[in-house]
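The first chain written gets the first letter, and so on, giving A, B and C; residue counts start at 1 in each chain.
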Amino acid sequence: MNLQLTADGRLRHLLTLDGLPRAILTQILDTAESFMDVGEREVKKVPLLRGKSIFNLFFEPSTRTRTTFEIAAKRLSADVVNLNIATSSQTKGEAILDTVDNLAAMHADMFIVRHSQSGAAHFIARNVAPHISVVNAGDGRHAHPTQGLLDMFTIRRYKGAFHNLTVAVVGDVLHSRVARSQIHALTTLGVPEVRVIGPKTLLPAGVEQMGVQVFHNMEDGLRDCDVVIMLRLQNERMKGALLPSAQEYFKFFGLTPGKLALAKPDAIVMHPGPMNRGVEIDSEVADGPQSVILPQVTYGIAVRMAVMAMLAGGNG
Amino acid sequence: MNLQLTADGRLRHLLTLDGLPRAILTQILDTAESFMDVGEREVKKVPLLRGKSIFNLFFEPSTRTRTTFEIAAKRLSADVVNLNIATSSQTKGEAILDTVDNLAAMHADMFIVRHSQSGAAHFIARNVAPHISVVNAGDGRHAHPTQGLLDMFTIRRYKGAFHNLTVAVVGDVLHSRVARSQIHALTTLGVPEVRVIGPKTLLPAGVEQMGVQVFHNMEDGLRDCDVVIMLRLQNERMKGALLPSAQEYFKFFGLTPGKLALAKPDAIVMHPGPMNRGVEIDSEVADGPQSVILPQVTYGIAVRMAVMAMLAGGNG
Amino acid sequence: MNLQLTADGRLRHLLTLDGLPRAILTQILDTAESFMDVGEREVKKVPLLRGKSIFNLFFEPSTRTRTTFEIAAKRLSADVVNLNIATSSQTKGEAILDTVDNLAAMHADMFIVRHSQSGAAHFIARNVAPHISVVNAGDGRHAHPTQGLLDMFTIRRYKGAFHNLTVAVVGDVLHSRVARSQIHALTTLGVPEVRVIGPKTLLPAGVEQMGVQVFHNMEDGLRDCDVVIMLRLQNERMKGALLPSAQEYFKFFGLTPGKLALAKPDAIVMHPGPMNRGVEIDSEVADGPQSVILPQVTYGIAVRMAVMAMLAGGNG
């Protein structure tokens, strides 16, 4: 039934944080904690996945995300092969499944999948051989679970626990796979108050059913928050009818020092990157003392190492 | 005289299967057999080519083929560098030989060469330093020897021997470097009856001189075959005058369960991939019990490891 | 003050050869000498930078230069990640500094930076965390220090010393970052006579202030030279008003056997590659006995290994 777990409840694939038990989320965070020192060592490498074949299967290009997985895999001593499918066999008409079956026949151990269509990673996971794990590195507007996990890791590092927090997710929730993963993780981990803040045009209809409170202005939404998570605003949104202009957006929903002052004094500010400075966030905030945006990146490596190790290392 | 062999008869380059002695072909298949278990291990790696520098020199892009060589090289512990030449120094006008000489000066050990022009790998092999080996990963319509070898490996695995087989190669033989390599290997290894089946427009003039029987319809050609090798039909063939349409082609030359029933009941079906389902092959056949298309991919890694190890490992 | 050196005078970044003390240049050349045998070994690898994360940060594509750094890094056992920024996050509008900060947060140890704008590597070096080193792999028309260093290494190998040489740099000095790096290194290392030869349109105004003698014809400029360094002529120069045609350029400034005969009989000929044969250099010279163009490439690997080892290995 649950594609992501084995019969005895261990992590089998990482596709979405929706429905993943709190125990698994916590286990990933704890495992990531144990990898935090690897990045600090003289030799930034552990032999855990030596001789494993990990494929970065990117149907949608993303140097940034690909790099984080490549680094994490190399620090685990795995062999990594990058495949940018748009520009290769796919263009010859080979179906995704034939591609995946071919790589499986080469004794692949893991696929890191990025695709512009929601559900692509699930589709692959449903069809791979039993020895192969799939990690969703972002599928359409659906999910980006490793981003969600590194955000939880960041919150736990700075706030210690989840049960007493108010967390706001601000911006283009409608188009954001990151926001979906964050909201699922936050509610599963027991955050009592999760808020989404954004203009009506950028919030999905019925978002309340995800267990969040909806705000259409920053003044109300940010009040007394412990954590403020800003979302990236894709520039292409500006071209459609959804938004008047970047300036207008910044005025109402950009995080400035003034608006941030409405949150708790020790509130932290997060962003999945890459930032649009002056659109969704002011540089003074992005580079300010409450920003934990760069630590998020550091933690992202440890979290991805943890996920890979749990999936392929047999120590899940 | 023979560019591919050393004075004492060992493999020096792998450029074509045309003229390669049966003993060498058999040695490669035997060596590949010895690598078959590496892909099954917990640590899929042997230290045979540690510290060797292997360059994937792709003048024609092919993620799929590049990946098989990259995986094989990494499982031998070699250092692999991918060079996609079309988009780089070549565009600045540097001649192929200057590129090759430059890489040689960096102490390259092996070039895996893919090029749209027939003879490119030979040209490079004739001009490289004595310590460098060249593997042809496909040159124009000429040869694709590692594909031919993995096909022979597949046949030997499923049929045990070559001397009592009838093998049909079906489709666009005219434009296929794969077919040329297969036919040379099949005749060298002693297959008594090699058939080519295809429309007149897709068979090379005088193909009989390669030692094959020619058929222009599937009903006659497939009868009592032990092995049916389907070729990929490039979509671009449809644009010219060579073929009326994909539907028409499938009707006459696509491998369906009905046509396959004309071959021996235990006949195996092969395809070099990527498949055009519904053009040269029906999905029911491609995914059916007689298909060995995915095992071909698995064997391809072992065969490429064998070739690389024999060329660079000094154990040829 | 000096961005490239630590307080106690060790190499911190390699951005330009301008202002780098002779002792540091000599130390790099000596270290490179110690790496010369690695390329000759059966296992071309030393464990010096094992577990280090080196990023090839190429904002301007260059397969050729990227490959030399990738090979050097792999022979030092480092983990290398290639980032071609033009086609990725940069296009999403992320600023260079955010990219660099992100990679730094992943515990990067070194950035190899290539950029079409002069000063890009300096800009990054001024802004990176203390534990990260930056190597300029070519910035606009400004500098290409590892090329300059490998040229010095080549000269020292063939001529033994610098204090008694006459060296000519020929061609498009105006647009050449290579020439700038060469001239700085030659004067620092004590070459008594450095000449530049080229048409007025391709020499920078005031180039004499770099300590060179200016010649506008080969006959005068090459006379009694010990070293002749030819520069690549970018084809795009021909399109503008700077040059009449490639033929015309070759007639006056192309290095032919006849013109080379004006230099000393044991003069060596160098070129940074890739060559435009028949434009700036005649093939008879390029492939002739006085050419050391391919040894330059070999030495380039050793020099880049030396720079990387000094920067990241802590043995500077």
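Simple rule for what comes next: contacts are C-beta pairs under 8 Å (C-beta built on N, C-alpha and C of every residue); 3 or more make two chains touch, one makes a residue touch a chain.
Predicted model, so just to flag it, every value in this text is computed and none were measured.
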Proportion of interface numbers common to chain A and chain B (over half same, under half different): different
Fitting chain A to chain C on CA atoms, where both chains share a sequence, rotation angle to nearest 5 degrees: 120
Gap in Å, rounded to a whole number, between the CA centres of chain B and chain A: 41
Residues of chain B touching at least two other chains: none
Touching residues on chain C, where the partner in the complex is chain A: 50-53, 79, 81, 83-85, 87-89, 92-95, 98-99, 101-107
Chain B partner contacts - residues on chain C that touch it in the complex: 39-45, 61-64, 67-68, 70-71, 74-75, 235, 273-277, 294-298, 300-301
